[in-house]
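Next up: some structures, all given as structure tokens.
Okay, so subunit A shows up in both of these, paired with subunit B first and subunit C after.
Our next item is the complex of A and B:
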């Protein structure tokens, strides 16, 4: 059972799955063994992006380096270029995204996953990612800054 | 035998009748030879009647969503005979209009099936079997195209129809299987889907609208159609159509990379494209050089036989009515002594699916193949105020431009009224406009055209009403 940290800023609550690592741009990475790393958008990223209309993930077989665009997600108000949180090759794309891209909004840490990457050097990439608490603190800074601007 | 005409035209479709009218403007004595009614495939059994069906089904779809706009329409239902009457009236009005224009231009319409018998003569056989000869100083071949019939077994089974029979929506199939995911197949798929038929589309190529639409847009269209419940198969090669024994009378067998499959339905629409209509017109006998089925022409639309010209679908390439019309003007002006080469850079595609798809110029893939350093500027209709008010936010604008100069190489779009909006793209491509030119042209607010403006603003990172997170 996935456990979550929670952060409430103003009237918004953001959840952070504790079993995985985070790219500061709002992409999670969950190692699944045998060099496979599942990736997806964080709850904060999906909430700030809004309702997803289209999700286009690079096709299976595409090589990506850490930070490269691995997917682009079109919402009603923004175009999110998703950076790869791990170097490797796209091994699987969530088949649900074509018919029901809203799963990214509904279940960002579960059914709304984006892709699985066959990682080339997960240990090295992991060192560049944030743990859930560190990412939560990053989101707190960003969200509070947004609030001040209003 | 009467005095020769200045110009005789074989075929009264959009290419032929426009050529006739332009020639009349330039003072030529013109004969237009046509076996059926003037207007050709386009007016009688193509663009025009399908657009009547699209208009009717769009209204139906919108009426069913009336509550979203605060309007009570208790039960919007199609009256199939009423739609047929509306379709016939639209065709009648426009064909009548062309007939009137030809009359005013003093063009002699010769009724019957024409055939080239000499470089300066057509023989025309009328319905009663009588033959007359029309002689002219110049002849334009504008014989159009016919439905392509690929060698698939079973195409002669009852229930297998072409686009012409598909115009008759007075009885609806429960399940329509469309062979060919091109312009014709998808327009009919959307029409029949709106009227209530289940739809399966089988396209041989990896993407819908092959050769027409930008690939990124074709992919999105496939997704949108699937979300509406259509079964869209790409990479599906049809092997045969067979009579099925079970509940549905037809079975279509096809193969994909996953193996053999079959789908059953009660009507099959053959929409695998069109072939130039050049058989049995006497062309080879007179020495007209052919390029497979198409009449071979040079850039001035001259055939290999002096004073014989060819235009439109008969010369192959982009089989579009508006391209044929331009051909007609080019050929006639060259006959009149000008030297005008055809210029197809700004011929737009206009596809009346729901949502509409349109494009002009190079696609991203074509531009990259040509070695251009390309940038693609995108803007979604979901961020366009007018599209939001219309409740039609699906789709996007893509501008393909040179990375350095911003010169517009192509414009591609899917979305509300894309077939109208593409005119700006055609002008940009034709005049060599840049993204900056589009961006500094003030577009009225709130209109759909602002989607083009906003995409163009992206060249300087200046898109206002959308955010691209990187």
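Our next item is the complex of A and C:
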């Protein structure tokens, strides 16, 4: 069962699944074995973006490099370009996103996953990602900066 | 109360989609179905205002929520009152992707169009609810 860290900033509480790694731009990466890495938006990213209206992931078979756009998400507030947290080939796209993209908001670490990627060099990419505590600290900085601007 | 159907829109102040929900509600009660629909403020329901509660209790209610939090629908239901039909701006935007609303105090042209098409959907729902009542 997935465990979570929590961070509360003002009236907002953000959760961080402890079983995965994070791209600084708010994309998680969960290795599943046999070179597959499942990816999705962090709780902070989905809360910051707001209600998801449309989610489009690059089709199966698309090659992506670390940091390339792997998905685009349109919310009522903004458009989010989702960078790939791992290099490889898109092996599976969450079929729920077409009819129910709100699943990203409802369950960002579970049913709201975006894609599975057949990684070319997970160990190398993992070294470029943040562990949950490091990502939490990054979110703390960003969220507190946002609060100061208000 | 002259209206047969109560419209309760989102009260999300400072939110674009809250503005769209309220603009749609105004269009229904002032323009599209002035004789069949009446507004009730969500804040009055939350405060337990007797007249607002009575209006919702005695008439079919249509809610227009801005986002998935669905505050209007939830607050009507948590007041122990029924919701005849519910709409969200988010669902309307999914149907009309080119109408992306922007602005808060003043919507952009796309937001105004989105409010209008949503209002037309709500007006049709008002007709159906009224028909079902008679």
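Methods note: the second predicted complex is superposed on the first by the 150 of 150 C-alpha atoms of A that agree within 3 Å, B and C clash if a C-alpha of one lies under 4 Å from a C-alpha of the other, contacts with A are read in each partner's own complex, and residues count from 1 in each chain.
Criterion: a residue touches a chain if its C-beta (ideal position, glycine included) is under 8 Å from a C-beta of that chain, and two chains touch if they have at least 3 such contacts.
Every value quoted in this text rests on a predicted model; they were computed, and no experiment measured them.
Student: Once the structures are superposed on A, label A:76 by its partner contacts, choosing first (subunit B), second (subunit C), both or neither.
Tutor: So A:76 meets both subunit B and subunit C here.
Student: In this superposed model, does subunit C or subunit B come into contact with more residues of subunit A?
Tutor: B
Student: Counting only touches as set out at the top, which of subunit B and subunit C does A:54 meet: first, second, both, neither?
Tutor: Both partners, subunit B and subunit C.
Student: Go through the superposed model and pick first if A:6 touches only subunit B, second if only subunit C, both, or neither.
Tutor: Neither partner.
Student: Is A:137 touching anything from subunit B or subunit C once the two structures are fitted on A? First, second, both or neither.
Tutor: Touch status of A:137: no partner.
Student: Quick check for you: in the superposed arrangement, does A:105 touch first (subunit B), second (subunit C), both or neither?
Tutor: Only subunit C is touched by A:105; subunit B is not.
Student: What residues on subunit A does subunit C touch that subunit B touches too?
Tutor: 53-54, 74, 76-77
Student: Which bits of subunit C are touching subunit A when the two form their complex?
Tutor: My answer: residues 16-17, 67-68, 89-90, 93-94, 97, 101.
Student: Spell out the residues on subunit B that touch subunit A in their complex, using ranges where they run on.
Tutor: By the definition above, subunit B touches subunit A via 220, 223, 226-227, 378, 380, 382-383, 393-394, 396, 466-470.
Student: Okay, in this complex, where on subunit A does subunit B touch?
Tutor: 25, 49, 53-54, 74-81, 98-99
Student: Would you mind writing out the residues of subunit A in touch with subunit C in their complex?
Tutor: Spelled out, the residues of subunit A in touch with subunit C are 50-51, 53-54, 74, 76-77, 102, 105.
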